[in-house]
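As structure tokens, here come the structures.
Each of the two complexes below includes subunit A, the first together with subunit B, the second together with subunit C.
Then we have the complex of A and B:
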């Protein structure tokens, strides 16, 4: 079981709620994923379409909400969004995202570290989205982050875990859970992160934009379980030269 | 006549209303919306008793899908 800030999760697959074609598809896919924690964003109400309340389909007793600060470009915007999320009944957990560049959506390490410290002091459980920088992971942990969320590749790119060497170091050093977030585009990517020892993965785009989001959610659930099982079972070491699987002895009769 | 800025748009109100009355008139469920009035986040218990004054700047925010 995974524990973050005292809360336990049976599923190591966290899911996002963006980009789904309809609230009904989202609800079906998230249920099929077995995910217990889902991210949500905060936006102005569209006064020209006030009935468009997609969150109403998600039962709060079934899904634990992890509000994000997506869209924040600096620490003060992120803190403002986190406080709005808390007032919206989103609880005091926050996925901290500070992404100043809309083209890459890469996280700003300086502003993320500053906002982590400020939000931790204000009583938030902070899970910062971060570039896969092992030193930054330690800094965020020291600032009180409840988990760290290094990116596999940029948000929405479906490129997989391009940062695997850095993520491996983060996992090796971290005292808090490591959640690989962003860029996980296929179940094999999720399994790879879990085999490396990630505590969880967060997937949104790959499920939401799949041809059949419900089946893709199930595929991700299996991949995350398989990857975790493999990690716990202990993978064999990688080698640079071949090593026969069949005995080398006992072939004398072929050459006599 | 009272003029407020709600979610960036100028809005005329015939009479003074509370934040909660405005939300309901806009078709919103106050339970699901958070209000920030002149930069200060309101507690839900304040919605019914907070009247919108001329020139008020109100932001109505809610959860949407996101990753």
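Then we have the complex of A and C:
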């Protein structure tokens, strides 16, 4: 089981609430995904409103809400949003997103690191969305991040784990869980990240805008499970040349 | 500073492109200005279904299956400009009105009760009636009630935009009306708006001041819409490069019947408008694209999911018109008269989620002291 900041999760598929065609479709898809960790954009919901279209359809005993700071351009905006969420009953967990470029929505490493330090000091459980930079992952971990969330490829692009070399180093080095976030466009991408040893993946766009979001959510659930199981079972190493299953290897000359 | 390309050269560049250029643009991932020119060309008309599919796919990928909703709030019909096409033109003899703060707040609260969280404050250019002080005070009074407040008023200076940003204004829309300098001079007969270049540099002044989003647009019906589209492409490219933190939006106002009885100088059919919208979506998939109630319900419903991702609803272009439905003195006639709820039903029927809140006032509340002082 996956544990982040003392909280355990059976499902290693994290999901998001954006881009769905209706709150009902979102609810059905997220339920079908088996996901327990659901991120919610603070800009999109009204935490004070019990009738909020997103929050009201997701049962709090079923899903753990991870408020995110999407839209924040700098550390101070992100910190302000997180504190607002906490004071509105959103809890002290936050998915930190600081994305000053509204076009690519790539995370700002400098502001993200600053905000992580500040929020950790204020008692938050911080899960920063970050570019797949291994040193940044270490810096965020040292600043107190509860997990790191490197991107597979830019958000919404469905390109898969284009950052696989960096993500592999992050997984190798990290003391905290590694959640591959953004760019996961197909179940095979999710499986790949999990086979690499990622602790979880976060998928939103690929489920939300699928032809049938419910079935796609199920497909991702299976892929995440399969990828994790393959990782735990121990994958064979990849080789550049074919090798026979019962190797002779040209060692017949050995006498003993 | 952005320098507008020569309009006639833009026209010539577009006219020179044939179907092979359109096919090349459709096959590409990231489009450049030559591709945009191809998609705006007469040769691209035959490819409208392909443009529609690509535009729909890019829109859903980038923004999801959602439409953001907003409503305009007209503050004042006073205007010192003389613009041939506009109902608020100083030349038009009409009863004019500027809302007091209490009146503006009452109008805003009507929109709030109807379910709007994003509002657009609109005014003619008469700084003595609606200047930066007025807008700042009003923004401070409204900021806690709305997730996002935009303005579509006269061009301001960068320091004035910075004041408004601090007061809670999130975005600024300033339409060039036309990038065709000759036509611009012909239809802007008097007032500060006669200065083409000052207006053209307005989006960058707003971006410098830190506004979250800047909107541009051309008033369709003044000059060649294809060249307007390419000019906007140039403008957008410039803004993206220079102000990478600023979100960009485009509106597509077609000339509507208004006080003064102005007849469009150039025809822009529904198919033309559609091609223009698709071309810009393909050129820059991250643009927020507005489709207002200037267009009729049939067209707006048809376009749902195909490219535009921001819709207004239940709009009134008369200052005070939400509270007093008998009020006269509109800037222009609106065509889609449906309520927010009716538009939301149409949006859902297309398998899209009508979103009323996608921002939060907290983003800009850095200066609590100033807010309390107001």
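Criterion: the second predicted complex is superposed on the first by the 235 of 256 C-alpha atoms of A that agree within 3 Å, B and C clash if a C-alpha of one lies under 4 Å from a C-alpha of the other, contacts with A are read in each partner's own complex, and residues count from 1 in each chain.
To be clear about the criterion, a contact is a pair of C-beta atoms (placed from the backbone, for glycine too) under 8 Å apart; a residue touches a chain by one contact, two chains touch by 3 or more.
The structure displayed is predicted, hence computed values, not measured ones.
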Once both complexes are superposed via subunit A, do subunit B and subunit C end up clashing or fitting?
clash
Where does A:101 make contact in the superposed view: on subunit B (first), on subunit C (second), on both, or on neither?
second
Between subunit B (first) and subunit C (second), which, if any, makes contact with A:77: first, second, both or neither?
second
Could you say whether A:45 touches subunit B, subunit C, both of them, or neither, answering first, second, both or neither?
both
Just subunit B (first), just subunit C (second), both, or neither: which does A:141 touch?
neither
Check whether A:20 is in contact with subunit B, with subunit C, with both or with neither, and answer first, second, both or neither.
both
State whether subunit B or subunit C is in contact with more residues of subunit A in the superposed arrangement.
B
So in the superposed three-chain picture, is A:158 touching just subunit B, just subunit C, both, or none of them (first/second/both/neither)?
second
Looking at A:202, would you say it contacts subunit B, subunit C, both, or neither? Reply first, second, both or neither.
first
Regarding the shared-chain residue A:35, is it in contact with subunit B (first), subunit C (second), both, or neither?
neither
After superposing on chain A, which of these stretches of subunit C ends up overlapping subunit B: 135-143, 189-197 or 279-287?
135-143
Which subunit A residues are contacted by subunit C in one complex and by subunit B in the other?
18-20, 41-45, 84, 156, 205
Taking the touch rule as given, give the residues of subunit B at its contact with subunit A in the complex, in rising order.
6-9, 26-29, 31-34, 36, 41-44, 59-67
Please give the residue numbers of subunit A that touch subunit C in the complex, ascending.
18-23, 41-46, 71-73, 76-77, 80-81, 84, 100-103, 156, 158, 205, 208-209
Note: in the complex, subunit A contacts subunit B through residues 16-20, 26, 39-45, 47, 50-51, 53-56, 65, 67-68, 70, 83-85, 87-90, 155-156, 182, 202, 204-205
Applying the document's contact rule, which stretches of subunit C touch subunit A when the two form their complex?
60-66, 147, 212-213, 240, 244-248, 286, 348, 351-353, 355, 357-360, 362-363, 365-366
